[in-house]
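A, B and C are the chain letters, set down in written order, and residue numbers restart from 1 in every chain.
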């Protein structure tokens, strides 16, 4: 790897030289600004949805130049599904990584643990940090340091088609039992299916697990809990929903089929989060936006809750332009920016002060999701957080397609976790 | 190719052309030392192969050797060397000997995946070969519109796999896919193409066959065209029926083409990453996961990325295929095939 | 289909066919069914691209024909820059790939030299090792050579995929060219390279056609390296760019299907160009391989 190091050093040296040249020419140009002015390029990897969210974020990101005219913002949209891998490839090799990345909440501790992120305490990136929602700030902490700034927060609820509910004469189900009876009535009255259960992504399984009072792991006690009775029950619940025809599911194309089935009015309900609102409202059933109802996820036998998610902005530790990157992260998470994002995209802010702004407080989606987020179940913010899903996904799909039993499935996930989390109970 | 032994090359090579550099600077002095002589006699050949050797050595050779080394360690994403900007984190993984191999071979996961990979390879290659042979035989006749048929049949090869596999994925979709819409139009029940473990296995095999038939067909068609027509005529005069002619003229005539395409096709199918990855990602559950997609999963889709295990599986795949190739060559040689 | 054993003469048999009309009909039926299956998915994409995205998953193919998917794709997305990037990579891979496979194939076919056997084995083994596992180490090499996010990096990587097969095809093809031609070249005072370039290469057109086709298709359709190495709209190749339209979080049918059709066009052109030689080239390579 010696060559690699040499090359990196060379590139770094080159970067420094270029930067020096840049500032030289600037001062030659007769600039009057003080030496503290930010300059250079900030590359930002955004992972927002292409076609709707990305345009807004690009516009906002490039607006940074208005405040800091000598900084060029390079906006790069990397598909969410690829971003984690791409960032890891780039960060470990020392070349090709961006300065700032939009990091999903579960990635943040993992990247931090691998040494890829710059600690932000005491930098310009963290401004008014007491203003951030506590649960949003929690995911940015690792080993007592702050490695990211919360950008948006989210959770999940039941999306329902009000017209179908009216036709069937039913109310929004509050728990799993009601979900089943409501679905049966809907089927009987309208011939439509009650719920689309996303079967190819473990994230959609979590609310059922929380409903049985379970969790994947107990991070405080260092205990693996998915194999417990609550985990088995949760697997039984989802299997029963599919077997009883209260729900349909797919092992592939889940997202697309879910959105299509709901948008075309083929199913009456789905479980989803704020990120799906824009796409859902584009569907033909929701030409009248008022037809979309959102309610808390149904409770299980021992509780109710949906996972807390969201995105942070993190700064790459190897960035050659750390100061501008800190400022950029701050700008993108400032109250003003969050307010604009909330207004244009209905994404939930992470700052308390933004929620009380009139134009945000009157946003229907945000008003609905705010209490959901307040009650959302915090995920374990451990470096392995991102790796907890893959074993669940495999067994979840296996259970739903009848390849294994709920008991064996829960046990298999627990076994996989034991390999991952050494010394945990 | 690789099985071409020097003795055979000599046998068919005849007197090798004098590859000395005429009129070039290097060949002027009379070389004395053995190495010098070897350089002067062979520099032409070496120069001709040098680009390939350099590219392969750098891009495949180094990672391959590193892969073999990593498979003997407990390397993962957290303990390998990383360079973050100017900070370099040194590697802290340890040498663990053959532990990874012992674990892979004794565990269910490797053997289970291997079992399906073998089923997948054998069925894909067998069906592809059968269909390719049948179509090649038909196309080798005088038949109206032959060149049109041939072009249409080669089409799956000409379309980039990520486009066609993507198309298949949506044709297969249980709820909105074309196949189920056709079935329901015919009054039949929807088939859970990619949602049921068994059906999904058949579905991925079908797509791979669809992709693989053109190559097979073209290769076998070439083989058929190189069989002299007189052989068939003579056989017909002797009263041989169609089956006998196929059995005793066509099959032996295709033998050398078949042996090579079967070997290649087996290797390619065994490692056919895109079809599985783009179609099912190994799902539902792990029903269609083959060795190579699982190895990819170890080094990309789980975290921390498990480089040691991924490399171990990679090396095991390599060993399995090398053993297969050696075995294949030996069987052929026993049957008197000069290869 | 497998039941159709030859009942008539092969093409090169001199006597005209005496096939019964029934057998003819059977053959045509088989070919029509097979062609339909071969074409079906491609045709489906083509038809889907010509209708509004909202009908994408319906069977009403001719309800509303429109080119809006194409105009949107070309106007609103960086499709054209992805297309040029891909074309550049594929053309470079083809040119370099054909050249070095030809030289390698020629060397291995004509000369005996130390390391020949090892080289032949290496060419086979590189096809056996699952390259999916090598992405991270290759990424690091490209990083230290400064080739990330550059066409050259992808070209070099694709050469490692295409060249082993191509070199071996070319060897098989050169084996079918009589050695007397080389010898006549030496008699005329040509160097080995001159002989190769002026005499042998022109005779190897079918082999080159296959090699070019294979290299182009490989480079044009590769996904894994392309999406690992390239980032940013202006650098992406088609394989990476298209993942923006279709990924885990949504499928944009309109641009995706239109893009798929436009992607298939250059591949089909290369194919048309090569197909005349495809059969002879492949068989010569494979027979003698």
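Operating definition for what follows: a residue touches a chain if its C-beta (ideal position, glycine included) is under 8 Å from a C-beta of that chain, and two chains touch if they have at least 3 such contacts.
These numbers were taken from a predicted model, which means no experiment stands behind them.
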item: A-C or B-C - the one linked by more C-beta pairs in contact; value: B-C
item: Of all other chains, the one whose Cα centre sits farthest from chain C; value: A
item: Averaged-CA centre spacing for the pair chain C and chain A, given as whole angstrom; value: 39
item: Intercentroid distance (Cα basis), chain C paired with chain B, Å; value: 15
item: Residue numbers of chain C (touch at least two other chains); value: 57, 135-136
item: For chain B, residues that touch 2 or more chains besides their own; value: 170, 173, 176, 300, 305
item: Multi-chain contact residues (two or more partners), chain A; value: 1, 4, 8, 85, 92-94, 260
item: For the chain A and chain C complex, residues of the former touching the latter; value: 1, 3-4, 6-8, 11, 45, 49-51, 74, 76-82, 85-86, 89-90, 92-96, 201, 255-256, 259-260, 275, 279, 284
item: Contact footprint of chain B on chain A as seen in their complex; value: 1, 4-5, 8-9, 12, 84-85, 88, 91-94, 110, 113-116, 200, 248, 250-253, 257, 260-261, 266, 316-320, 383-384, 386-387, 390, 394-395, 397-398, 400-401, 403-404
item: Residue ranges of chain B touching chain A (in the complex, touch as defined); value: 77-78, 80-89, 169-170, 173-176, 194-197, 200, 279-281, 283-287, 300-305
item: Touching residues on chain C, where the partner in the complex is chain B; value: 1-2, 4-17, 19, 24, 27-28, 30-31, 34-35, 37-42, 44-45, 57, 59, 100-101, 103-104, 106-108, 110-117, 119-138, 141, 156-157, 159-160, 163-165, 167-168, 171, 175, 179, 182-183, 186, 189, 191-193, 195-196, 217, 220-221, 223-224, 238-239, 242, 246, 256, 260, 263-264, 267-268, 270-271, 275, 278-284, 286-289
item: For the chain C and chain A complex, residues of the former touching the latter; value: 54, 57, 135-136, 139-140, 143-146, 148-149, 227-228, 231-233, 243-245, 247-252
